[in-house]
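Alright, structures below, take your time with them.
Okay, so chain A shows up in both of these, paired with chain B first and chain C after.
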Partner chain A sequence: MSAPCPCCEVEVAPVRRRGRGRSLARRTADSLARSITDVLENEEIAARPGLLQRIDPRIKLITLLLFAVTVSLVHSLWVLLALIALTCVFAALSRVGVAAFARKVWLSAGLLAFLIAVPSALAWFTPGEAAFTLGPLTFTEPGLLGVATLVARVAAAAGFALLVVWTMRWSDLLRALSALRMPDVVVATLGMAQKQILTLLRTVEQIHLARESRTLTLGTTKENRDWVTERMAFVLRKSMKTADDVYDAMLARGYTGSMPSLRRLRVGAADWAWLATSVTICAVTLAASRMAGA
Partner chain B sequence: MDIVAMHIPDGYLGPQTYIVFWLVMLPIWFVAARKVKRTLKSRQIPLLALGAAFAFIIMMFNVPVVGGSTGHAVGATLIAIILGPWAAVIAVSIALAIQCGLFGDGGITAFGANCFNMAVVIPFVGYYLYRLLCGDAPSSSRRTLSAGVAAYIAIVAGAICAGFEFGIQPYIAHAANGQALYAPYKLGVAVPAMALEHMLFFGWVEAFATAGVVAVLQRTEPTLLEAKPAARSMRWLWGAIGVLILLTPIGVLAPGTAWGEWGPDQIAQRIGYVPSGFEKLGSLWKAAMPDYATPGVSNAMIGYLIAAVVGTLLVVGVTWGVGALLARRRSGETSGRTSPPPAPAE
Partner chain C sequence: MTTPDFALRGVRHEYRTGGAALTGIQLEILPGEHVAVVGANGSGKSTLLKLLDGLVFPTAGEVVAFGKPLTEEALEDPAYRRDFRARVGFVFQDADVQLFCSDVRDELAFGPLQLGLTRDEVERLVADVAAHLRIDRLLDRPPYTLSGGEKKRVAIAAVIAMHPRVLLLDEPTNALDPRSQVWLLDVLDEWKHEGRTVVMATHDLSAAAEAADRIVVLSEEHAVVADGTPQEVLTQRDLLLSVNLIHEHTHRHASTAHRHAHAHGAGADPLAMHPHEHAHGARGGES
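Up next, the complex of A and B:
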């Protein structure tokens, strides 16, 4: 339905603000706002007094990497399901909302893996004993077991990765990387890049909101594309200019090439206990997987 | 975001694959860091950080393609054009690390493979294709077109690499009953699926975004599009050619003849007779150095080495000659075009 524009009397179709058919600017602004919110929520969860939040960042990083590698080595579906349950236990003990955690793991990673993998259960891709037929399609037992194993593996790995993301502040992650002998240049670049990403995310969100507030009609594809590439070029020019400004600021503050950290990390008894427990769980998991496969 | 297409999550690649990609990426990061340090000096941290931030942000833009559909560009070719391919390796790797560590996009174990596909294959293929298509003195439309074509081919190349990584999983690891343990589709399905998806959709997103930004930069900031140091140095290429020439005698050690390169006697051995056309046409041309042997040199190794040097010199000489001819023709065209601009209309 069209209506005359109040300032110029031009007949325009109203731009939808919600649901499908939203303008390009609104959709992009929404996804940018979601990204900023995600970062802020991660920081809030990382500040809660939970199990994983109390662990030294270096030990936490090492053990969660150990879990990620263990997940990739397990071949048994049942053991993978046990690891998924373990991620939920860790999430609950770390005061991460288990429902939100499960939703994120299952909807973003598990469901996607299922949709990608489910055709591989057909006899055409994985021959074997037929499990059931759906019209002309025959699903095989090894095919379905393969899909279930992949989905469980992806969900378990995503669970451990999400625990790293949600229970560790970005600054602690950088400190852990630095303590684990990651070169200073890489750590400093990672830290600076994260700050600049947040700044640029806000800038780009504001650009899109400004466009949205001045939009009367959904433009043609070419108009929208030209507008987007103009904004990309603007962000690029701004990035290059900011790099020069940041470098000048670094020199003004006496930057000599080294990046000392004031906070010293200390590994306590609880951290050692956590490390021993994690190593034991991984060893038992691998042994159980081997026994299940034998 | 282009998650399904390029960011490989954990669980899809087995340890035999992701460990190899971590091992491949470690020396690449090391070399890239050294090269970037040499060219950017202490300015490297802010420039790479902002390059990484831009690499991250460009993936957040919705680029309209056709019929209301939109997609996200990776932007790695664009970053390679602006910063050079080695700096792009670091900038895109850092953007991927932040996506993985801060937003949970892309796997931790698959990080090496993701960096190889998006931070190595796309920037290098895109950058060198762009320079090749652009030539030395590109016009603005040629530059824009070159950027678009390079970005399109580069992202398809990256997708084929990802497809290959997925496709080898069923061969490397499967249960005794045929059950897949990691990515379930074999090469015959995984590679075409990834390639087609990018040829039909994401390649166009990448091409439109890269060409569009390059077109805007030509108007507003053309200095950003000047050739980066990596394009100028060809010393490594001469070194590589020298090493390959020295290695050519290895060919003498290989037994038999390459498949399909049989002479009349070998054909007779295989099928029992020599086809008449083969016999007639086979003697039309007598090579100066048959079977890469040098006439008058009895030692096969030394003869092979001499043949390699002669062959390389011939190829380089002919290419050089054609290149010089084309360059002279182009400079003639350019000087012909530099006539004074028409007087403005009154």
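Up next, the complex of A and C:
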């Protein structure tokens, strides 16, 4: 049964529990439903009356860039951990669920960074005092410190990026990019790509649900693989036709190559205060990092 | 003599992959007319609308719009293109295709801003159109969060915001719930009184009977096979059967077999358009 999304009354298929013994079609449809729900939830979070939601999109983008540069210049693990804590404080003040925020950051960026970096902690790559051994593998203390620093850096950067995306409506993000002199064609492409991805996600979800409703067995791996390949080709063809149709629709309304917007962005006192605070935090962070390294 | 808004002379159009989409089309559409182009799926209705909007061009023959040939070369002239796009609005069948801006407000503003209106003018225009079509509460929503009926309203509003003299509607009642269909028919009636020309492609005969004062029938061979008033066209049962717009339907009333023509669409009875409730069941009676 479908349920309306709390923010926009759009019906999204419910996400079922994970588990074995479920068909490929059902598992894929559930995964797609989760993706659609994520996009719609982002809009709902961006509409909440929190700290970051009140900041002008352009200022928010600039401060993100500032924090990202700062994070990349910090070498102290403790300072990086403090920055991670700061992202959690910002999340809480912006009425973003801290648990969901931390899960997203650590399960995506954090885990990925750890998997990539962990081999560098081996004594073969980073010599030093052994921390522990796993069979023939010896992990060194300097190696583990390097891994921890890299993971913390990635998590801090991902946290700031996620906060910006979650606390800003997609339309405002595009407007901010446009205001910051991003070429019209890039902004228009980003805007349409996000919409088309969502539309195609719905299509693919329907395709999988339709298959699920007509399937009695789980099918062999080969059968599932063949079917998925064929459906991928179908969706690709459909996306190409949709792109043609969208372009026709733009031409029909007089498209001349620009994507003007009616929104006027205004920078207020609160935005300047946020910018000043961010600059101060970044300066203090860099100073603390330097002192820690000295 | 009145200059027609559109004149199609011996128009043939072929798909890029080969095969005719339209053939031998002779058609004139006069200012203020409400024309329904009806035909089965694949008969060429949507292609005809795209020809009228200068989105595709004839393989043979010519399309004349407002007294001037409508060609690819002509539309390359910015002044001509601006004038033509300002005069003709196209509401696509799939609203998802037409809603490409980041929110509804920008969607409504897109056309007027492309036409070079000032921001203040466009802001007023957007507010007026949104209030008129009762979509004010949707203005800050991204289009992908709207329901099907809301998307259709926004798609129509986005075109209306350009104040076109001619409106081309592709399957306008498709996927609309009954209330939205009534709303759309009211809007079409309003455009009639305002003197706007409307060409709508549909296979919904009840909507065609209700909203059009002229019906053009396309056959499955992609040619015009009838052109007249709703009364003249929709009473030709054999013609409608031959172009696959209605089909023979047999059912039983008690012990008596009953056979009659049956149309599919928003309403089943194209020429009996009056408010009524329709129920099928044990005591369903006449259908």
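One rule holds for everything that comes next: the second predicted complex is superposed on the first by the 254 of 294 C-alpha atoms of A that agree within 3 Å, B and C clash if a C-alpha of one lies under 4 Å from a C-alpha of the other, contacts with A are read in each partner's own complex, and residues count from 1 in each chain.
Going forward, a residue touches a chain if its C-beta (ideal position, glycine included) is under 8 Å from a C-beta of that chain, and two chains touch if they have at least 3 such contacts.
These numbers come from a predicted model, not from an experiment.
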item	value
Combined model on chain A: chain C and chain B, fit or clash	fit
First, second, both or neither for A:246, with chain B first and chain C second	both
Partner chain(s) touched by A:255 [first = chain B, second = chain C, both, neither]	both
Which superposed partner A:175 touches (first chain B, second chain C, both, neither)	second
Touched partner set for A:34, first chain B, second chain C, both or neither	neither
Comparison of chain B and chain C by chain A residues contacted	B
Chain B versus chain C as contact partner of A:214, first or second or both or neither	neither
First, second, both or neither for A:43, with chain B first and chain C second	second
Which of chain B and chain C A:192 touches, first, second, both or neither	both
Chain B and chain C, minimum CA distance [Å, superposed model]	8
Chain A residues contacted in one complex by chain B, in the other by chain C	170, 191-192, 199, 242, 246, 250, 255
Residues on chain A engaged by chain C in the complex (per definition of touch)	5, 7-10, 40, 43, 169-171, 174-175, 191-192, 195, 198-199, 242, 245-246, 248-256, 258-264
Of all residues in chain A, those that touch chain B in their complex	24, 27-28, 31-32, 35, 38-39, 42, 65, 68-69, 71-73, 75, 104, 109, 112-113, 116-117, 120, 125-128, 141-143, 145-147, 149-150, 153-158, 161-162, 164-165, 170, 173, 183, 185-186, 188-194, 196-197, 199-201, 204, 221, 224-226, 228-233, 235-237, 239-240, 242-244, 246-247, 250, 255, 257
Interface residues, chain B side, partner chain A - complex	3-4, 9-15, 18, 33, 37, 42-54, 56-58, 60-68, 70, 78, 82, 90, 94-95, 97-98, 100-104, 107-109, 175, 177-186, 189, 208-209, 212-213, 215-217, 220-221, 224
Chain C to chain A touching residues, read off their complex	50, 53, 55, 78, 81-82, 85-86, 88-90, 92, 94, 96-103, 105-106, 109-111, 113-115, 119, 122-123, 126, 141-147, 158-159, 162
